[in-house]
Amino acid sequence: MVRLDFTIELKYEIAEAPADFVFNIHAARTASQAVVSESLTFNQPVEPDLYVEPATASRFMRVRAEPGEFLVRYAATVDIDHHRESPARLAEVPIAQVPATVLPYVYPSRYCQSDRLRRYANREFGHLRPGYWRVQAIHDWVRLRTVFTSGSSNSHTSAVDTLIDQVGVCRDFAHLMIALCRAVNIPARFVTGIDYGAPPELGPPDFHAYVEVYLGTRWYAFDPTGITAPMGLVRIGTGRDAADVAFATMFGSMRSHAPLIWIAARDDPAAGFTLPSHSAEALSTSDEGLACSGCDNMGGRE
Amino acid sequence: MVRLDFTIELKYEIAEAPADFVFNIHAARTASQAVVSESLTFNQPVEPDLYVEPATASRFMRVRAEPGEFLVRYAATVDIDHHRESPARLAEVPIAQVPATVLPYVYPSRYCQSDRLRRYANREFGHLRPGYWRVQAIHDWVRLRTVFTSGSSNSHTSAVDTLIDQVGVCRDFAHLMIALCRAVNIPARFVTGIDYGAPPELGPPDFHAYVEVYLGTRWYAFDPTGITAPMGLVRIGTGRDAADVAFATMFGSMRSHAPLIWIAARDDPAAGFTLPSHSAEALSTSDEGLACSGCDNMGGRE
Amino acid sequence: MVRLDFTIELKYEIAEAPADFVFNIHAARTASQAVVSESLTFNQPVEPDLYVEPATASRFMRVRAEPGEFLVRYAATVDIDHHRESPARLAEVPIAQVPATVLPYVYPSRYCQSDRLRRYANREFGHLRPGYWRVQAIHDWVRLRTVFTSGSSNSHTSAVDTLIDQVGVCRDFAHLMIALCRAVNIPARFVTGIDYGAPPELGPPDFHAYVEVYLGTRWYAFDPTGITAPMGLVRIGTGRDAADVAFATMFGSMRSHAPLIWIAARDDPAAGFTLPSHSAEALSTSDEGLACSGCDNMGGRE
Amino acid sequence: MVRLDFTIELKYEIAEAPADFVFNIHAARTASQAVVSESLTFNQPVEPDLYVEPATASRFMRVRAEPGEFLVRYAATVDIDHHRESPARLAEVPIAQVPATVLPYVYPSRYCQSDRLRRYANREFGHLRPGYWRVQAIHDWVRLRTVFTSGSSNSHTSAVDTLIDQVGVCRDFAHLMIALCRAVNIPARFVTGIDYGAPPELGPPDFHAYVEVYLGTRWYAFDPTGITAPMGLVRIGTGRDAADVAFATMFGSMRSHAPLIWIAARDDPAAGFTLPSHSAEALSTSDEGLACSGCDNMGGRE
């Protein structure tokens, strides 16, 4: 089991009129990830609306804040109990057997134009034997060909751009890997977390984006940037791509500061908490149930 | 009340190996649209899996078919009971009050890159008074500036392309209108149906794509191509854009023929069925309940 | 020596007002390509303006035609005396020694966005030993990864699109090869001709586009589509990409028909004319003088 | 007459191997712009090759420099004798009469994809009366709809991007205006200079990019950013777009610093030198001869 303590501090300066925010900074609650404790504080007397998206367990918080400085501080302790699997046992799922709720993750999305990459992906990966190792090959390909460079992309940058430009930040790596997986009919999705374990020369802790791929009967985590070990990845938002799970979507006129983030892992084997490390096993924190919630609807005759 | 009878015939020639299909050709069942009768036939002894996406009522059918000719024939009779509203009474909904389940339709998607069009849309429409008439202005702008030309776009064409190229087919008109609405924070989504009432010179009846915009407490229909009257639009698929609700997604090697479609409206006022016509009122067939299913989750403190 | 006889027939139906055309259909006259005879006829009493671009020997013809049918027929017999070189002797030219008039062909152009492909091209080809074989590797890479499909691209399609989509026609193959060469600092340009020797299943003879790359002291021909032998390529227009040397640029309202083209090679060894064939040697028809016309201006101190 | 004194200082830190540069920082010598004096110094004993492109008078300098710091300092005094014309007298030139050497400036180029903007530009400007005022309308449209923001674009940004994003720096404004002019068949080109007269809040003096449009028998200057008065614009490079006339094209591994630039105008009416100011007249510094050098080749029968 992994226990992570983290804190997120966001700071905005809102201009004349009240502004609306949709945040996605809460740790998700899933069968594999327990939120042991959490706290949320603001410097304004706001009344946040909270909403959990049932399909993904993403927790959204909508807030209206008044002009002036607006501070949001969220802290949580989460326990992650990874499902571990030997890669050799993880097969790709034939389209005919992909759960209905998983199927949409084969389709293209804003930043992952898998429809345009079908030929490209098939030429690169179509001849590889389906299964975990093919996904790993896509992961390695993205990692090898893309240079991690802060500030090299922006909020409009898509997988096609990253494939051509071969430079980006974590979300760009994730988008490219997702688009290539989908282009060979492997369901893949976008998850946000925190870059626990990233080398300090990349800067202070920050939000992170990684990839989940559906293999066997679960979603398994991959980090194509290679800067973190998947074992240390907390789940915040889960969606088709960054358009679904921005940590903050802002409506109104404001100035935003870079988020301040702290994260630490417990190193207390006696209590059952081990430090995240690189693992030869495939790791999943998706609920078995989530993946199969649609199964009940399938297979019948409606 | 409007009663529509329609038939869809699809034809494929599948090459050597079995092929998978995900169809979205069933009429949706909503509080406003009753499926009076329907029939589905194949020329192969297939076993379709049917799945209803709870959030949108879109009905997907997954089928595996054998090599050779594959025919799908779906026929249905639907009754549509429109909710009608005076445009003057339809307000835009402030972000703080948009139901949580509606909020995702403000975000960009594969073919509707509203994130890139924020400045553009605000310059064109930001100064207009919010409400139905602003949406109508966006509708008119798209219709006026875009030339309907068969074959002028392809499955990769997006709203940004259509804005620049000023040419497209129904899905391009819809994507551009949706992207511009979202760019000024108005929730908008993509619906598929059949082009009942389209001028014969545009060719035989075909699948159609139109737009729904969330105003007041419901989704209202708009057809920026202007080739149909919204009153004659049956609802098949509902999604963020064409990536969600293709009438057929194909996996495998095959040749596909153009769909053959017939549609007719009952003209039987005595029985309560009137022909679809252009209406000065805003029309909605979305369930009140659908729009508010998320409301239960909002407003509380989780 | 190769002797080619060819005829080009163009047909337009001009609407109400007179229309202007800029044609580039004349065979170029260079030290290596002699125009033995040529004829030009119209069905209207037009007065063409002819202009030879000194730097490239491209011959442009501007014509104003009246409403109604407009026919242009150009026929020519050209003799091509190829400069032949052993590939092993052809070196890339260091930037410091590229003639000033050749240098612009290292820069990006409308359809060859080499600026965007620098990382990509360097990863694929940067480690290869400079020289003819590196260019051949780029040629092979484009040919292997791109599927020739009529109608798969349009007049806006660029090298970046073709790299992603992996499909195109001759101009797309040429643009991609040119862009990749420039991206590793090898001067490359676009030439138009006729697809002598193309397999009949690709359709009747048509205009063709191919590539010239500057190696040693000359421009050498490459056809990345592989459908012709470079020895059978007549030179019509020479430019940075298709934007420079369209066979017809039209101004006005009209309908255009597909060009009708005939081409044949003389097979008369006694007279010194041999049929074009695939050759292991590198072939050049560029004037030594053209390449070095700028040399006189360089090297001095102005 | 306007006399401008300016100095350009460029600084690079070249890594391990010698690097090549192609600079375009010399003031052009034209019939209207005399280079009264100039000086060029380096901190390395380099041997620059200088080349004047005959068609545009752009002066290119190629230099190979050794590892370590590399400084280039160019200073010049230029006298500009503007040709002035009343806008009302400036007509657009029908395609049939555009000089052959001017015609290429109607075609699309790397950053000015006028081919894609034909419908868009015709809808916006096609109905306006041809002539200077139509060009001014395009100028005003670009200026009104585009926000000048440092750092908002990069070296890949094109006119289509700027039209959509509505933000950019001087080269983006220029590219968009050029593309729109060409899309309605008005020859337009890209000129580099220095932003004399720009408001200090935009930062220290910098290279600038502006537009020349061919009207009547000459090229007239426009600055769609509105930050300078065209009267104060020195001509350095002239080309189809920024791809032709980068102030520095670098080959090799290095770090470059922001250029340091000084510019001043003489205020000595007694000597005939007046300060640049905004003028209601159209201003041209293009050589009559340049524009017509091709005329000799036209109109004949070759």
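Going in written order, the chains are labelled A, B, C and D, and every chain counts its residues from 1.
Simple rule for what comes next: a residue touches a chain if its C-beta (ideal position, glycine included) is under 8 Å from a C-beta of that chain, and two chains touch if they have at least 3 such contacts.
Please read all numbers here as calculations on a predicted model, not as lab measurements.
K.L.:
Chains touching chain B and chain D alike, please list them.
P.N.:
A chain counts here if it touches both chain B and chain D, and no chain qualifies.
K.L.:
Overlay chain B and chain C by their C-alpha atoms and let me know the rotation angle in degrees, rounded to the nearest 5.
P.N.:
Answer in degrees: 180, to the nearest 5.
K.L.:
With contacts counted as defined, which of the two, A-C or C-D, has more C-beta pairs across the interface?
P.N.:
C-D
K.L.:
Could you please state the distance in Å, as a whole number, between where the Cα atoms of chain B are centred and where those of chain C are centred?
P.N.:
The separation of the two C-alpha centroids amounts to 46 Å.
K.L.:
Nearest whole angstrom, what separates the Cα centre of chain C from the Cα centre of chain D?
P.N.:
Distance between chain centres, rounded to whole Å: 30 Å.
K.L.:
When the centre of a chain is set as the mean of its C-alpha atoms, what distance in Å lies between chain A and chain C?
P.N.:
48
K.L.:
Do you know which chain C residues sit against two or more other chains?
P.N.:
If we look for residues of chain C contacting two or more partner chains, we find 116.
K.L.:
Going by the touch rule stated at the top, which chains touch which?
P.N.:
Final set of chain pairs in contact is A-B, A-C, B-D, C-D.
K.L.:
Contact residues on chain B for chain A in the complex?
P.N.:
20, 22, 48-53, 59-60, 62, 64, 94-96, 100, 103-104, 107-110, 113, 115-116, 155-156, 185, 243-244, 249, 251, 294, 297-302
K.L.:
In their shared complex, at which residues does chain C touch chain A?
P.N.:
Touch residues, chain C against chain A: 116-117, 119-120, 123, 145, 147, 160, 163-167.
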